[in-house]
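Chains: A, B and C, in written order; residue numbering restarts at 1 for each.
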Amino acid sequence: MRLFLEQCTNGLAVGSIYALIALGYTMVYGVLKLINFAHGDLFTYGAYLGMTLLGSLVLGKGVGTGAGLLLLAVMVMGSVAVIGVILERVAYRPVRGAPRLNAVVSALGASIFLQNGLMLAYGGSPRSYPDVLPQTALSVFGLQIPVVRIAVVLAAVAMMAVLYFFVQRTRLGAAIRATAIDPDAARLMGIDVNRIVMLVFVVGPALGGAAGLLVGLLYGSISFTMGWSYGMKAFTAAILGGIGNIPGAMLGGLLLGLVEALGAAYLSMAWRDAIAYGVLILILIVRPSGLLGERVADKV
Amino acid sequence: MSLPAGHGHASRRLLAVYAVAAALLASAPFVAGWFAEGRYWLDVLNNVGLYALLALSLNVILGDAGLFHMGHAAFYAVGAYTAAILNTQYQVPVLWTLPLCAAVAALFALAVARPVVHLRGDYLLIVTIGMGEIVRIALVNDVFGLTGGANGITGIDRPSLFGQRIAKPQAFFWLIWGFVALTVFLFHRLARSRFGRALNYLREDEVAAEGSGVPTARYRLMAFALGAAWAGMAGALFAGKARTISPESFNVGESVKIFAMVILGGAGSIPGVIAGAALLVGIEEGFRGFANARMLVVGVAMVVMMAFRPQGLFPVHLPRFRPADLPPPPEAARTEEPP
Amino acid sequence: MKNLVGVLSLALGLAAGPARAADTIKIGMIAPLTGAWASEGQEMKRNGELLAAELNAKGGLLGKQVELVVEDDGGDPRTASLAAQRLTSRGVVAVIGTYGSAVTEATQTIFDEEGIVQIANGSTAVRLTEKGLPLFFRTCPRDDEQGRVAAAVIQKSGAKRVALVHDSSAYSKGLADEINGILKSKGVTPVFFEALTPKEQDYSAILSKLRAATPDIVFFTGYYPEAGLLLKQKKQMGWNVPFVGGDAINNPDLVKLAGKEAAQGFRFLSPPVPKDLDTPEAKAYVAAYQKKYGEEPKSIYGVLAGDGFRVVARAIEATKSTDAKKLRAFLVGGLKDFPGYTGKIAFNAKGDRVGELYRVYMVDAAGRFVLQP
């Protein structure tokens, strides 16, 4: 029983990170009908930027406090958002009208570029985060839950709540939703679609960057191949929840995290990733619209 | 109806290019012998040859049939491991495993593609990536106890042909490029066959193709199987050359590399994808000291190409039909008066 | 385009040919310059370059300058076999390397086929020298010795319930099997024997399972990146059972990855680390390294590579030739008590280093590796 509960908490922590990254995929897909292959690398950028900032003296001292961490998060999210906007301009805008394959290849090329740029800057070995959060465990209902895990879940949930509120309750959020449903109709309603696209490429990457920072704080070690593996899992989560559907991405992320963690504990640790990919393929075959997606395949 | 003269002309020019290339390539092993580093460059050419085979095999799936496939390394792996297992466990000589590797890879492709072949575009792409990764993980986890886990399989024999052991780069050169030449010949015939043309048709407009009686699902599966079979054979050759195979050789990065070769060279074009293979291996070798910078170049190349020349470096020359290509009208019609 | 490739390679061949006038003796080195073990590989390279420079300053070998040709194996068997092939076509007379038993194994047949002596520095899996390859040697010890020392450490700690964790690689599983065998022969059956997947980040699943098995001690036979994560996450979980590691955990980055608090009290086996090498020549060498590179050598495997280089140089000098068979004959028969920086070196007929090398180290509160008596 203890193993089960422990793995549930672990699954929630990993799952909330998947959810944050999945949101980026789903928002971009909703608006552009395009899978941003470079999104996983933006997440990795967040992790490395966080490490660099933590390492620099300016931030190193005050960062243990809540305010310091918040500032760090804002800086990381902001920087990654900027990269996201540049990415859109350079790799996606030129191929917007063209056949699907071109956009896919362009995205892949951007992903390769970003990943290798990172390797060039930081070297190939895994890097470590300083111990910022307390490395102890809290006793909750007899379970020893690492403090870092709790912190990560809380932070992720907070961000997701803010996003949900933004998308559901504000005008700009409504504009995003409208563009996702029908860009031409949105244009007719006076929405500047290009600006909405840019906005989506600000919010999505920002969340991805935050996820990167959280991973660094949770595990203390980052490597440049994270982008690929987390990216694929997060994409699976987005599909699971229904691509284009924002609450779906959140749900999908948490669910995938749980499935993975429990599968690792009870089925096999070595096949953990294969289980995730298997889930992906299964969904696409059986229920491509995902759990919460209403739209049936114009894509299938 | 035979294909028009325009197509034939392109063929003749292409034949000339092939002849020159073949002559130059054939001289390479001899020229290499004159220089201290010659062996090394010959080995590079061998690498180009293997990748050319892989690119050609992916071209059938991605270029001709238009199926977004980024798990090609999985078929390569299936072929390589089949050869390795047959050779190390059952002492089957490497070259004899070729037909078996092709068959196993093709069957594997059929099995995994069957449930997903109806998926479109990006979704098929993601699924093939997932499939490739599952294969790799299965190899690492020593599935069926056959694959040797993360360390892979070592001690694979060298191939031998007519009693001659093929070990030095010169010998491999003839084996590999001979196979490439055979492949080029066969795939050109494929392009001119009904099946080949049907694949192109179904890439361009699936609905119309289906409406014209092309069994799309079946032809797509056949494209997968054919591409996989060829990749499987390339895998067997690779196993005999490297003598050690491990799962890391068949990861997503490898699939992406082959994918890039096809796209950058010109999807659907046989000389194009060979050029793509040469280009990417060339970049890898030429910038050997700058491991990451060179992949950066590849990434940038992909983005730039898609913006400015998406059809690739050496795109397919589709036959162009002109009025002169039409057969002459029959006698009776000519003497008829218009109503 | 094919003709262009042909022309290009011809041109490059032409350019490369005259440039490499072969009036040097080329000694090859294959090392993980990039990848998960890059810090080991970079140190190997540095040791090799320092020694080659020292040797050349004294006049080189057999009247010629020595050239160190380094290739990157990326810590991966496939890249390694490609790198090995490249080395063989570069005309090297011997090769030093590499680190990581699976990686070395991938290169063995290639060097053997080409008749090139190979001296590995960081590959302790027993089976590497059980294949009857006449030109393969290693300056590092073997896992059967390590297994014995490990079992002794475990028994001395008085633990009744022992857990063994490996990562399925040739080295790691091999060592775990050795320890398992020895423990069983002494009547102790491990309560846990499983593998984790390397190069991942989240090991909470296996840690939870481990905790559920209530061991008194856990022995991890994998490499340092994973060990660092295990230590860190175990602390996050508030679990305090002592962990012990094998020699692949010996790397200063361990403390960086785990965090000082989590790493404190962790013990591992290893040949002596550079700062504990006690002969005057070794100390002088460490000082020379510090002078050239601005820091002390941190990894013993780099120094073992250095010793490999020196042994090869000695063999070439003594036999006055670079013929592989003569070198082998000297290395097995003629090299007695060679004063290596890592201790006295001699090889047996299998190519293994003779002598007992393993010690126990503990990480102290400041993150330093302290030799245990």
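Brief remarks follow.
One rule holds in what follows: a contact is a pair of C-beta atoms (placed from the backbone, for glycine too) under 8 Å apart; a residue touches a chain by one contact, two chains touch by 3 or more.
For clarity, every value in this text was computed on a predicted model and none was experimentally measured.
Using CA-based centroids throughout, the chain positioned farthest away from chain A is C.
Of the two chain pairs examined here, A-C and B-C, the one linked by more C-beta pairs in contact is B-C. Between the Cα centres of chain A and chain C there is a gap of 38 Å. Spacing of chain B relative to chain C, judged by their CA centroids, is 38 angstrom.
Shown for chain B are the residues that touch two or more other chains, namely 140. In chain C, the positions touching at least two other chains are 34, 168, 197. Contacts with at least two other chains are made by residues 270 of chain A. Listed in rising order, the residues of chain A touching chain C in the complex are 2-3, 6-7, 10, 14, 123-126, 128, 130-131, 135-137, 139, 144, 146-149, 215, 219-221, 223, 225-226, 261, 264-265, 269-270, 272.
In the complex of the two chains, the chain A residues touching chain B come out as 34-35, 90-91, 94-95, 98-106, 108-117, 119-120, 228, 232, 235-236, 239, 268, 270-271, 273-274, 277-278, 280-281, 284-285, 288, 297, 299-300. Considering their complex, residues 66, 68, 115-116, 118-123, 125-127, 129-131, 133-134, 137-138, 140-141, 252, 256, 259-260, 263, 267, 292-293, 295-296, 298-307, 310 of chain B touch chain A. Within the complex formed with chain A, the residues of chain C that make contact are 34-39, 168, 194-197, 199, 201-202, 204-206, 208-209, 212, 225, 228-229, 232-233, 235-239, 253, 256-259, 261-262. Of all residues in chain C, only 1-10, 12-14, 16-17, 20, 22, 34, 72, 76-79, 81-82, 85-86, 89-91, 102, 105-106, 108-110, 113, 167-170, 197-198 touch chain B in the complex they form.
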